[in-house]
């Protein structure tokens, strides 16, 4: 009897606890923990998603990837595209009470630009911005090193978040552990290994948020995230492992959110491996790849065939760039023409999470006589291996994915295919080099006219695709699982976006 | 004995110093560049170099160690490269969780393991004995994560009576400690049964057994004392395993303990944090084994350690 | 009570000789399967069939198919070879290193003991994953190197167990007597002490057999050990981890294969010990 009483009591207690939390708090579960609370010192989309409700940028992307005003109310470029003037929103306060004005904006960008701070996003801004001026209390002028046609994109990316000047004075270590921005949510705590909690900012300059508290948690265990959503311990999970998409879709009370992503999955063919120096061999591998089967079996259909070396959401993507059809006969012919009728050995370096792709390719390519040796590697070993200069490089081809945080072809094609980007300088992992491509990419980067840039990038894409520098595989859809009560949350490429979530009963 | 204790305790700082040096050098020797890993895959070489300078990794390695040592002697193990939080506070926030999990699963393993093992031996070849031994074999051959995930699905999702993951209340502790206890329970049960059998086989106990159950229970106390050495050794060793090796359980249940801290810091080659965690583990392992030594001498006074 | 139940059940395991027989047959079955796997496996263990992936167990695929549509039953049969080899090598290596260290430490005591035990404590506290990365970077990523890594993890376990047993055994009357009669140190250690430590060591061995394969699966992400597509039970279990609740059979069946193996060795080990134990000679 006593036992039953205890049991009943504890059950009631659990119910009380969970309902009390559920009413005004949302729990979001990611697959990875945030790396830092400093918006300018990382490039991880999961960290970004956590900081997004707390930090704001001058301009922002809306759901359709258009640039809209945020902390800046208006902006304009000079005729030569080298001076950009932003009007700063008035009456905005940081979470610590500091005032947002032109000086605060300047201080925030200067922190990024100062090499002594060693912030990881410095190079992205330092290569563009020459000087920052504050002609009036709420006016900021960016003087650029060269014409930069899409500067409003640069002020929209999360690494350009405006940080409280008072917090900057407390130093980088403070900012790595605390967030002090202008967003609708205020930082409350970051318990390492457990959660980040933020509470609503009553003094928010816009509409004060409806949900009192956001809690970000994380679990790398795929099935655990799904169970967390099913049991109500999380209201939103991202990403949903494709294997479980159907289960979530079929569960009453849960919604599966699906969005095309910019993230492109590929195998960089390493030209240090002699057979891969031949275009025909590289093309043969592309023809021998049954992308649809990979998407069906590994992604459960939640993706599309990659027809280009770059992502479909980014500016400059050419939807008409021809994809390689699955044609093993043609592949065999090409291999024979190149003098490898009996096949050859291809070594692939891959991390655990993507090893299944390597294994699928191994199966497919064995049909055309190509023997794939898979080197599954731990993150640190993998990075050491694939980022090593030609003289130390073992010539492994590499499976990886790429998403451009600027959503622009420049952030895709230049680091991956420009001759100047050979590793370790940047991420041309297979040492692909084509002077024509280099020229097109350079031209595009120095052109202001958007339609012209688009043309350059389209040409470059087609050449790279023809040269088969990569085996471009697929664009996996971003999948999020939501409790039906959650609203006003969306996916932008491979990031979960929520700044003003609402709860509906 | 007291000489042994004093010598052991005096040696501890010396060993810690040696370990800190070894681990410091090994960390810098193994592949994996923290600057690259922290800057990310999209970072250019320039970004990586800047990160290296910021992390102080371009200094001479011996100067780095000297700096570390100087700070460590003042109780400062440096800051985590990744979170910038002091290593000491990172470990402090995880330590109670790890101890809670280790101690609770430990209590389960030791109590169930010894009792069922001893009973299995007393009733050798009985159905109970076979059931216990079969459970032990299941326990020793089942993947930890598999059991954990199945239990989570059943108790949290289907029945909804236990929290799925995280920490904070005693309910949070139930599933992780049970699933973590599975393997050591099996091992301890098996070891207790085997040791107990050795004793029981000695003639005087066998005579007692022939006289009936009551006599066996009387001898139990005496018998177990001698059977204790392998049991206690295994129990002690498993504390170390539970303390530092609960990685899978901690990951699956999102338990914020030392094991996950270590794995995460190895992934990013967060040198100071790895260093701090290893030093803590050394202290724990040494202390527990030290305790085991003392208990063994108490049980069997003929044993000499010095 | 238990005696009663026992009386009415067929005493399948009630005699030591039967244990030896049953355990022996179970182990023998493993070796037979290892040899004739290609003859009895219904499918090619490497043949992918992406369209038929994740199919649950049915008449065509007894244990279902995995992520790549490969037949799990065939892969388990082929996997016997490498998995059993892993157990033998890893356990063998750690005994070869651990037991002599423990014997020497316990027998000589004093400074020797202190030094060896400090050494073992440090190895024991050293994170397994770091040790594995170290081995990868020095020795490379072969299967044998993975087994070395796994063996080193358990050296302190065997070492400490042997040492603590030795500490107690060397004070037993018969050892003291043998010593007084002038038996050599070597003979004392191996003839008198080691023989009498066998029972607890055997328990440790038979139970860690499963652990070997499970650790092998947790090290595979370091690139240590077998690489895809080699069928090996540990990596099969590991690859099913992401599909629990959706296709749990992927890791269930290789898990059962490990359970079978551990069971076989345990029954055989128990039986052998009872059979060979001189103290039991006069028992029915």
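A few remarks follow.
Note that the chains are named A, B and C in the order they appear, and that numbering of residues resets to 1 at the start of each chain.
Convention: contacts are C-beta pairs under 8 Å (C-beta built on N, C-alpha and C of every residue); 3 or more make two chains touch, one makes a residue touch a chain.
Bear in mind the structure is a predicted one, so any value in this text is a computation, not a measurement.
Removal of chain A from consideration leaves all other chains as one piece through touching.
A simple rule picks the central chain: find each chain's mean C-alpha point, then take the one closest to the mean of all protein C-alpha atoms, which gives B.
Ranked by how far their CA centres sit from the centre of chain A, the chains are topped by C.
Averaged C-alpha coordinates put the centre of chain A at 37 Å from the centre of chain B. Once the centre of each chain is set as its mean CA position, chain B and chain C turn out to be 20 Å apart. Centroids built from CA atoms put chain C at 44 Å from chain A.
For chain C, residues that reach two or more other chains under the stated contact definition are 133, 136-137, 241, 244-245.
For chain A, the set of residues touching two or more other chains reads 221, 223, 227, 378, 380-381.
In chain B, the residues that reach two or more other chains under the touch definition are 30-32, 145, 149, 153, 266. The touching residues of chain B, counted against chain C in their complex, run 7-8, 11, 15, 19, 22-23, 26-27, 29-32, 123, 125-130, 133-134, 136-138, 140-146, 149-150, 153, 183, 186-187, 190-191, 194-195, 197-198, 201-202, 229-230, 232-234, 236-237, 240, 244-245, 248, 262-263, 266, 274, 277-278, 281-282, 284-286, 289, 292, 296, 300, 302-306. Contact residues of chain A toward chain C in the complex are 221-223, 226-227, 241, 243-244, 247, 290, 293-294, 296-298, 351-352, 355-356, 358-360, 362-364, 373-378, 380-381.
Those residues of chain C that touch chain A in the shared complex are 46, 48, 50-51, 53, 67-69, 133, 136-137, 141, 220-223, 227-229, 239, 241-247. Considering their complex, residues 10-11, 14, 33, 35-36, 42-44, 115, 117-118, 120, 122-123, 172-173, 176-177, 191-195, 217-221, 223-224, 227-228, 230-231, 233, 378-381, 383-385, 387, 400, 402, 405, 415, 424-427 of chain A touch chain B. Note for the complex: chain B touches chain A at residues 30-33, 36-48, 50-51, 53-54, 79, 82-85, 90, 93-94, 145, 149, 152-153, 156-157, 160-161, 163-167, 171, 251-252, 254, 256-257, 260-261, 264, 266-269.
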